[in-house]
Structure formats: C-alpha cells, structure tokens
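Two complexes are shown next, each including subunit A; its partner changes from subunit B in the first to subunit C in the second.
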Partner chain A sequence: MATMKALVCRECGKEYPTKAIHVCEMCFGPLEVKYSYEEIKKNISRKKIQDGPHSIWRYADLLPVEGPNFLGPHAGMTPLVRAKNLGAHLGLDELYIKNDTVNHPTLSFKDRVVAVAITRARELGFETIACASTGNLANSVAAHAAAAGMRCYVFIPGDLEAAKVLGNLIYKPNVIEIEGNYDDVNRLCSEIAGEHGWAFVNINIRPYYAEGSKTLAFETVEQLGWRTPDQAVIPMASGSLLTKIWKGLHEMKYVGLIDEVRTKINGAQAEGCSPISTAFKAGRDFFKPVKPKTIAKSLAIGNPADGYYALKATAESKGSMDMVSDDEVVEGIKLLAQTEGIFAETAGGVTIGVLQKLVKNGTIKKGDLTVAYITGNGLKTQEAVIDAVGRPVRIQPSLVAFEKTFKMGKNGGGDS
Partner chain B sequence: MIKVRIPTPLRPLTKGQGEVETKAESVLDMIEALNTAHPGIKDRLCDDTGELRRFVNIYVNEEDIRFLKGKETSLKDGDEVSIVPAIAGGTPCRA
Partner chain C sequence: MPSMKFHIQFPEQKIKEPIIYQIGHEFKVVTNVRRADVRETTGWMDLELTGDSTEIERAIVGLRKKGVIVDPIELNVVE
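Right after this comes the complex of A and B.
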C-alpha cells in the first residue's frame, strides 16, 4: 500500500498529486495512477496474496489506496466456474465463467470498482459520494454509501430497468433520473462535478475507481493456478473494464507473480450500441459516437470514454471484437442459464453471444483456455427475457391432474 | 451572444469564470473568439494541427458536435455551448 507515486497524464505525461482530479489541465488527457512497481515487487508474493482476505483487498498492494481501512470489505473473489456444459455446446475444451453475478453486495462487477473508489474518497476526506450510472454502478454506490454512512447522489437515465431503479431507492440515496440517455447523464454529471465538492466515483475519482477492475484479472490468474487464459471475452460499455483487465494481467508480470501474459483480449458489444466494435472491425483506432438502442442497457454508452484505449489494448493483445443483436443477447442469457445454471443480465448475454460468434468464426479455438466475464445479475434485467422463457404449467393440487399433465409431456418449466 | 460553459481545467484561463459569453458563427469561430478574450485556450482545446484534441467533447445545446457538423457546426444567437473533458481511465502500464 501507499505505493501510489502520482497521477500521470496518459497523453502528455504531466504528473499531478494523488488527489480527486481526473483530467490533465494541459491537454485534457485522462489521468492514471502511477505506482512504484519496484517497491511493490519487493513486497508482493503469491503466498502473501493467498494468506490475505477473501476479497479484492488481497491485492491491495496493486490498488490505489493508502489503507488499511478498506470500505467494501467483501467485494470480489467471485467463483471462476469451469463451464463444461457450455464448453461442450460451443466446442471448447476449457471454458471458464468469471461469475460476478454474485459479487457482494449488489451482484455486479461494480462492487469491485466502488469498493476502491469509496475507500479512496474517504481517504481524501469526502463526505458525499455520487455517480453517473447505467444502473449497476448506482446500485453499488448507493449500497456502499449506506454502509459507510456517506451522503449519496446517483444520476441515472430515465429508461432503466425497474429492478435497477428499486435497487437504488431501497438504500435511500438521492436518486436523480435524467430525461435522456447515459451519455446525457454523463455530460451533465461532468458539469455538476465541476461545481460541487463531491466524490463522483466515475468522474473526479475515476483514476482510482477504474483500477478496481484490475482485480478481475488478478483473481482469474490466481484461480487458474497462476496462469493467464489464452482468450478473454469481455463486455464493453465505456471500454474501461477491458482496458483494466489487460493492464492487470501485465501488472502481475511486472511484479513477478507470473512469467508471461499470453491472453488475447476480445471485446463484446450489442449491435444497437457498438461504437468500439464497429471501429475495430473497420480497422480504425478512433470511434464515432452513436445513439444507443439496445436491451443491453448496462452497455449503452454511445460515447465510450475509454473506447480509444480499448481498441489499443485489443490490438496489442492480437484479440478481436464483435457484436450481437438483441435476439442473440436473449439467446445468450438463456444458453448460459440452461447449460451452467447462471442467470446473467443482458451484458452477460452480449458476452456469451459474442463468445459463440468468435468460436464459430475460428477466432477462439477448441483448445484455447477461455474465460468469459459475466458482470451482472439477471434478476436485475428481467424485462429483457420475460417474453422468452415460457410460463409455468398451472394445475389443480391433485395427483390425477399432475399425472395427466406429466404424461402429456408438459412437465413444467415452460417451452422445453 | 453565445453562452459557453467552461470546464474546471480551463478556468484558470477565464479568471475562474465557469461561464463566458462570446460572439461566434461556428464552433471554430467560437474557439478563435475565446482565444482572443482568453489567450491560450485554443492550444488547450486543439492539437498542433488545429484538430480538436481526442479527449475534448463539445456540445451545442446539449448535442455532441460529432452528431452535427463537428467544428464547422454553426452557432446562432442564444445558443449554449458546453466544453466537457471526456472521462477516460487508462491503459496498460509500462513498468
């Protein structure tokens, strides 16, 4: 801990103190945490990590906090599920699901980034925490704020799934619904952040917040027995998660936890909002913003702030990107549920749909050790699948009625 | 007059003002006008070739100019312009 040296501009290299700032005042480039890797290398080891807490905080040496008072003490260390059934269905020998549908406390990967953000915000002396969100982030910020006793403002687009709206209100933060899409929310919040002295986790705290996603890479490597996968399939909204998983893999090498990174990074988007995948397929290193129109609302960012870096990371890793239709998203959710018993939200459907595409077109090969990142829980986006799962068989409470129905082959569970 | 909202990183150039007014007929025009009133602002918004920097977003009446005509987007009296830095994270470190 306390291995942060400075914030540094990704574009021009200018350094800043490790405060609540996110933009280089010279060139508007994004600021990123700079660590003393040499110092970290001296202190870190596989054993120290394995003896640490069963949460993201076992990797605290590589996270941008001073410690030791960590908020969100239970985030992370979600199961890495060996997906034999789905693997067999797709024709993959070694497929794993990194299952963040069961992250603590709000059932999405955002619990990782928020734990880091709120810990850092508290260290910097903030009393109010806020965010612009497509839903999962707001849920996590609201829950963590309640537990930490901080004031909280969450800003969400006006068309969110009911469970994600309720999943804010229950913690009693100030919930502000904006008449517009996420990009409108984001722009407004960027302006609000300049006026109020709040910790906006994904704006002025973003350099710290975004680092939390690296723990998905750390855990995968540890859970695979200290090796990197051959292929990773990662959903993209802003592109930050993909970028940070790539960064996390390399950090493990820099500090001597692993010898090599052999992972190809693959990005997944929904057709109705695929500015990054579209740019990748066209061979461009810049993207054109779009107006999102997809059921995968958690990925519906038309102006993805990290799109440029996600394109770079994917190209560097010799990976690929693709996109799937809303129908394929629903099929992906069902396939994962019906083969592995994991109910993912729409972003998970995007990941599984793109995984399937990449296997079919030969990008991912049978023998590749593959990890698909499932980042949110299906119970939060029930609207997406409600018309696609059939209905229960309804009968009178009598054995005769049951036997009759059963013999007719209607043994429950909908449209099978 | 055009109302221009100035983001925090540029406020040292506008004597701390979060909002300034200027006359301009296009976004390009506005950048020149801002630069005359607040020298240095153009260098911060545009790179050496005069293109807008990658992480600068400009909105005219809440619409991203990339959905309009980019720098050539025309402005009229009463328009409101926001200059907002993109919020990006970062990439693979190089130890």
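Right after this comes the complex of A and C.
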C-alpha cells in the first residue's frame, strides 16, 4: 500500500515526511496528506473495493495508512437509507440518509476518523493516544484505545454532563477534567500535544485523522451504484467533514472509479454557533469566531479550524449553507424519527432542519438526488428532546380501561 | 527559549491599531508574524511568540485585554 507521498501545507505547498506533524514550519498553515493518485489508479478498482472488508478499510488505498494491520475494524459501511417518507414530506423524489447513527463501535461518524487516526498512530510507533473532547470524539477514542490495548488520555471540560463522562469512563481511559473555561481547555491540550510524545488525534495526528471522513463520500458513491449525488447536506463543526467529503468525491474521479463529480455541497449549522454559515450568507470568504450557545453541542465549535476551507469547498461546488434555530433542531430530530425511524443526535436535527430550508427556498430541487449526512445517534443527546416528545398514556391495569382509552371495539381497530 | 504559535483575530474596530508593536514593547517577547490577512473589516495573524513562559502568558493576557481573540495555532481542538 503506502500510497501517501507526503504531508503538504494547504497554504504554501511545502512538503513534509508523513510523521506526526500538523503545522507548516514555514507559514504555520495546516498540513494535509498528499497521495500518488497515478500509483493508486494502477491498483484500485470497483471490484477490488467490493471484494474488500465490510468497513472503511475497503478503501484503504485512499487512506493515509501503510497497513495491513488496521485498527477499528468495524467502522463504516453504514446504511444509505432511501428516505421515501421524509422525501415525500419534503417534496423530494430521491432523498437518501447516510445513517452514521449506527456506526461502530460508538454510534457516531467519529469512529471513522478515529479508526484511521489510531491505525496511523500505531504505525508511527505511539503507545498513548489522546484527545480533547466534549462527547463523541472522547467516546470513540476511548473505545478504540481499549480495543487496541493502547494507553488513553481524554481531556474534558470540568463542567461536562455526568452522562457524557460515564460514556468515557466505561472504557477506563485516563479522563482528566480541566478546571476553567473552553479556551483554557483548548489551550492546555494544544500545549500538551506539543510537549508530550503522545498521539493527540485531533492535533498532531489531525492530517491523518481528518482523512477518515472521506469514507463517507466513498461509501455514498459506491452505495448509489458508483455515481455522485446532486446535492449533499452536511453538518459543520470544524468544517473538516464537509471539506473531506468534497475531497473524497474528487479522489474517486482522480483514480478512475467515477467519471464526474456533479455534487453541490451544502453546509448546515445551528444558529447558536454558525460562524461558517453566517460568513457564507454574508458573501464573505472569512468567518468571525463566536461563543457557542446551542443545544447542538457536537457542532459547537466557535473558531473552526477548517471554516475557511469549508467556505471554499462549498463555493467551488456551487452549493449553499444555512442555519437553524434550536427549536428547528428538535423538530428536525422528530421529523427524521417519525418518518424514517432514525433517531439522530442534535447534529442530525441541524442537517434535517437545513435540508428542509434548502428545499423550501428552491436551492434543492424536487428531482435532485440528495444525500443528508446524519452523524450521531439520538441516544447520546436525549436531553435535547425530552420536553418535546410527550408522555406515555397512563391507564389502570384492565382491558376495559385500555379499550376505553383507545376506543376499541371487540374486533380491534379505532386508534384514539 | 520557549516559543509558541498562536492564531489571533482582531475585531473590526481594532484593525488600525499597532497591537503587535505594542505587545513587543510592553512584554519581553519576540513577535514573529508568519501569515496574516488584514482588511477593512477583519484581520487575523498566525504568529510565534518567543520569550520566558511567564512573559508569553502575560503577553496573551495583554492581547486579550486589547480585545484580540487569541487561540492556539490549531484553533479549536475540543471536539
């Protein structure tokens, strides 16, 4: 394998060896992985992919690893659901849900990026893996580290909800609660990553970690019968997911798996943390940092590392961006659950809410083949919908009470 | 001597002020700007501060007091 050529600065183009580095020493720009597409093209085919493992590792030729010892063997190949009911509700003929609520092992798309990060970290000789997180990322890193037998450090803000802390502790990593605000936690983690010889998945391993998101593009294309969608609706936190889906679609073209990329990329944020969408709607190519205030905590990144690149990718694709209120997030979660039986976390509500807006304002048209990316399971953010789902119907333990409540005759029928 | 990389962002009303010059004079740090984009309505810089750790910390507090947003070079890493 080893199809990586180098790490390359996204700003000045300076190249570096494929080690655990993430910032260009020349201009301080972020580094990303550069591949030998001509080499990959010689060895990749649709058949080879289809004969590969039922996981992200079927696309290993296009991932930043040397192989063949892949960690996180169950991540990816989540269902692409033909959402007929939701499509009919919204007025779309061909709507699909890329359902990462059932990604393994921790029920969010983070299992894709962490599987790639931990595999590369092991290849680079690291024994300790770490991350700074308020939720999904910590869960995924802790679970993967446990399975891989690696030491794990998870840094969390001191005021994180108990349920989220438990989700990390069950895997027995070293969980460090940091006193102080978000900025303090952020800063300390950056410094620790610089000082200790650890693989910090979203800091010094970030060039590799971020590439895992491309597998959402690869799978979508394969599951659609080797064609790209007309429209993609993607939630944005750091903006990396959107950027990498765009990159992944083009890589499939570079290596000859598809002939064209015809996808318009659309970004979704919550109003309470929408630096990227706000910039897009204002016609700016730069964003202004914000202090997040939204129930969509997994998207609450006020100064997003890939915000600029997300704006660029969306503009290149001639796509769009929008944002929704917290009430619309909850409505989006309910709508997806009640039409398709898929319970998404708050980020999913953001995606569905923005999808609805983009259909209403004519950005996404009735006949567009559309894919909405649902990135995490609703069981992780139940508190967001607890007041919006009603209560069970309470009855006495008798058949009469039951039939009276539901107005049933002897032969059944007659919903209340 | 320790050095650290930061991404700093200026609010619109501070763009014309010589803040980097001031920081270099008010604190014992060497400022080294590597990449920047300063326009009428926004301005950001990627820069390195070199000096004693305590002086770097004081310089960061000083920048924040002037209304500048200071983040690590990676921006937000808590996901």
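By definition in this document, the second predicted complex is superposed on the first by the 391 of 416 C-alpha atoms of A that agree within 3 Å, B and C clash if a C-alpha of one lies under 4 Å from a C-alpha of the other, contacts with A are read in each partner's own complex, and residues count from 1 in each chain.
Definition applied: contacts are C-beta pairs under 8 Å (C-beta built on N, C-alpha and C of every residue); 3 or more make two chains touch, one makes a residue touch a chain.
All values derive from a computational prediction rather than experimental measurement.
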Based on the shared subunit A superposition, would you classify subunit B and subunit C as clashing or fitting together?
clash
Who does A:331 touch here: subunit B (first), subunit C (second), both, or neither?
neither
Does subunit B (first) or subunit C (second) touch A:312, or do both, or does neither?
first
Which holds for A:157: it touches subunit B only (first), subunit C only (second), both, or neither?
second
Does the superposition put A:185 against subunit B (first), subunit C (second), both, or neither?
second
Figure out whether A:345 sits in contact with subunit B (first) or subunit C (second), or with both, or with neither.
neither
Please work out whether A:202 is in contact with subunit B alone, subunit C alone, both, or neither, and reply first, second, both or neither.
both
With the two structures laid over each other on chain A, which partner does A:133 touch: subunit B (first), subunit C (second), both, or neither?
second
Given the touch rule stated above, what does A:35 touch, subunit B (first), subunit C (second), both, or neither?
first
Kindly classify A:10 by the partners it touches after superposition: subunit B alone (first), subunit C alone (second), both, or neither?
first
Which subunit A residues come up in both lists, the one for subunit B and the one for subunit C?
11, 22-23, 26-30, 183, 186-187, 190-191, 194, 202-203, 206, 238, 286, 288-289, 303, 305
Which of the residues in subunit A end up touching subunit B in this complex?
10-11, 22-35, 37, 183-184, 186-187, 190-191, 194-195, 202-203, 206-207, 210, 238, 240, 243-244, 246-247, 250-251, 254, 286, 288-289, 291, 303, 305-306, 308-309, 312-313, 316
How about subunit A: which of its residues touch subunit C in the complex?
11, 22-23, 26-30, 110, 131-134, 136-137, 155, 157, 182-183, 185-187, 189-191, 193-194, 200, 202-203, 206, 237-238, 286, 288-289, 298, 301-305
Under the stated contact criterion, what part of subunit B meets subunit A in this complex?
5, 7-10, 12, 18, 44-45, 53-57, 59, 62, 64, 66-67, 82, 84-93, 95
The subunit C residues in contact with subunit A across the complex are 4-5, 7, 9, 34-35, 37, 42, 44, 46-48, 69, 71-79
